């Protein structure tokens, strides 16, 4: 799937001292079709990107600085792959306006770089309209402060939208006597259950059920390394996708 | 594990027209060490048990009649294996008083005949004190009216008791922001999640987690046939266990 | 997803006394948008299809009779949904020639009517090119005579083709010391493991692995009822798809 | 489960520079009822154990040095917890002879310190005699050179012994047509399947099946941290168990 490059792509990593950034530095260095030309941390000047001749910028910084970083990249004709959060609708609108003036530059903003997670959510949503019942179980380490996870909420929303468009009725549920919380929480009509267990990292199951059958999509993230194939895939495809793309699935071949 | 019998055991089934009873009739007929000597339904006289020469009575009737059935069996020196619910503490006390006068007769009252389910609950409880975290997920068909299932409640209680005795602290949980119900219900300090999905029958997972590891016990009941090995095991062991035994685990060799 | 019919579709079932056929009879009778107009068994005359005014014919018979059944249907302008095996390439060619003369008639030949199974295979193949490793585990009841299952072989072939097209290298495997059979069998470079266990029906897992993550697709068939949503979906879509369609996935909306 | 110590136990770690040893150093330092008094690497003199006043020695070295290390500890009245391999029957016999002269000193030699793994194997073996069918699936990273894993072989042997003692027949299997390897390898009559997948660490499932039901024991090791609770449990119990104990299960309360 790797496109052939006559010369290695020149990649810079911003936020290189953070945990994700450090992984990205290693991943770029290990990729035979890329060269790491800069690895910037907090306080380093963005001018180094230009002097290093970066063609691609990977932004894994913090919400406070990501917008300025991406703006710098686009204004200098560098493509950007962004994993930092904080991109609300007004920031996205401003970025699109900027990109309109740089029609050959691409930016990917991806809330989730785990390929398996992105694929599982997309496929589960697509399949969910063929089944009577759907529920989600997400499982994380017990130090997580929010329940359910953001990924589970997004997956439930995707599923709910797909089922609504196909006019699938709500999942059947005859419960009349419930100990409070047993049936999980409700996200757009989809029940979501959050397990917290020492030893786990980040895991999610989508369960679909029909008469006599079950279809399950399960994704396990065991460590941060799982995000790196998605980061590399982003770098390899962002130049061929000028303008703004939100979500890694925009670069994936999911049609069956 | 079958004890050798010089002649096949003479077994009668009460409630033979019910769904469980009909399965029991088939199971006894198929067992080479048993002979079915009577299959009684609603309205049939218990005197047929005596005239048929039954040694063992399997009661799979209704709460209204089970006590009289078992009393009749014990008074006639027949051992009884009982799957009917409704045995509260006063009924159990009366039965024990009766058995004291018939010291060679055995009665097994089992709320759950699924061997795998009984084993899973017992082992999970025993193991739970060696792990920081424990949660339960039970999954059933969507026509079930109560959540969580009775089996899940009993399993959680067994686990809570085992952990309390070993002075294990509560499972860690840093959740500060929760969509109502996401973290399941609380049974004696154990989180229980109830999934309802078309196509399922009755399933349960106990998840134990510690640093870097997870131990999972999963039981799947696909149909009522799953209860029959437990019924047969009950018949084969009840004579060697005079007096009252509550719970199939009383006959199982679980010591490791 | 149900297309609106002004009047219920008139459906005939062939092989109505077989196990699959009997299920289909029940499913058609239960569908509000269909009317069962004929249920034929071995020896019944096909002329009854015409006299009953059937618009749709469901063939769940035997390899010896399926070709004549479908030919009769097509020649009488009836759409056919076929679950019977035995359609080799020469039979398929003859059927396509016949359909060329009846351009408004549709025939669906589906080796597998379990929606979940078809979806899982299609999605797993599509996703497999994004992961270093792929293996398949199929699990069935112990009375099955062949290993691996036909579905597992087809899934492996789909995966192998998708990975070959994307030039993905073989799954890594450092095994140098193997107890014969431990690593399963090899189907087009994909390892397949066959479990046989009392209590199971038909189950399959596709496991995809990359650095730090795993993506799993699992399908469980608990009983024959699982095929009926696929049969009904076939009936509801065959008229809108004139000509020959092989495989239920031809009617599914799988593009993401 | 922690026994109360009036003063923290004085613990030394041998092999402290190895991967397991480094984890053990951290685990002992973090345990409130222990004090790390020495951490020795290759070439360090064992005399430091005595001068540091060690009461407990954790040996995580190499087969070449473990015997001398343990002998030194026992001769100096220190209890030893040993995770190093290489203890064949002649070494064990020599150690028992030595311990006979030091009747108050305890030694634990444990081939596996993962509590969950030890528990899963023990429980699965115990439960296996109540089911018609049993198979094992072990799943590891693709850099592993042997298949099946040593743990899977030992689990299969435990299961085979338990079933033989209870005169349980072989698992049923009607396979007559097999693609070579599909049905896994055979360890004492138990089928074992080995999956190798990038992203995995060490995982094992024991599947038990009977009519209409399945019981599954699954253990996941996500990283080496999973061995540390077992090491600490060993240190906490070795003094109360003088003489030689082989296997962590000797210290576990598994009776149900």
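Each chain gets a letter, A, B, C and D, in the order it is written, and its residues are counted from 1.
What we mean here is this: contacts are C-beta pairs under 8 Å (C-beta built on N, C-alpha and C of every residue); 3 or more make two chains touch, one makes a residue touch a chain.
Here the structure is a predicted model, which is why all the values come from computation and not from measurement.
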| item | value |
| --- | --- |
| Greatest separation from chain D - chain, by CA centre | C |
| Chain D against chain B, contact positions shared by both copies (same if over half, else different) | same |
| Centroid distance [mean C-alpha coordinates] between chain D and chain A, Å | 39 |
| Chain B and chain D, separation of their C-alpha mean positions in angstrom | 33 |
| Intercentroid distance (Cα basis), chain B paired with chain A, Å | 46 |
| Shared-contact residues (touching 2 or more other chains) in chain D | 131, 199-200, 208, 210-214, 220, 222, 226 |
| Chain contact topology (line, ring, star, complete or other) | complete |
| Sites on chain C touched by chain D in the complex | 131-133, 135, 137, 139, 142-148, 171-187, 191-200, 207-214 |
| Interfacial residue positions of chain A with respect to chain C in the complex | 1, 114-117, 119-120, 122-123, 125-127, 129-131, 166-168, 208, 210-229, 233, 249, 252-256 |
| Partner chain B, residues of chain C touching it in the complex | 199-201, 220, 222, 226 |
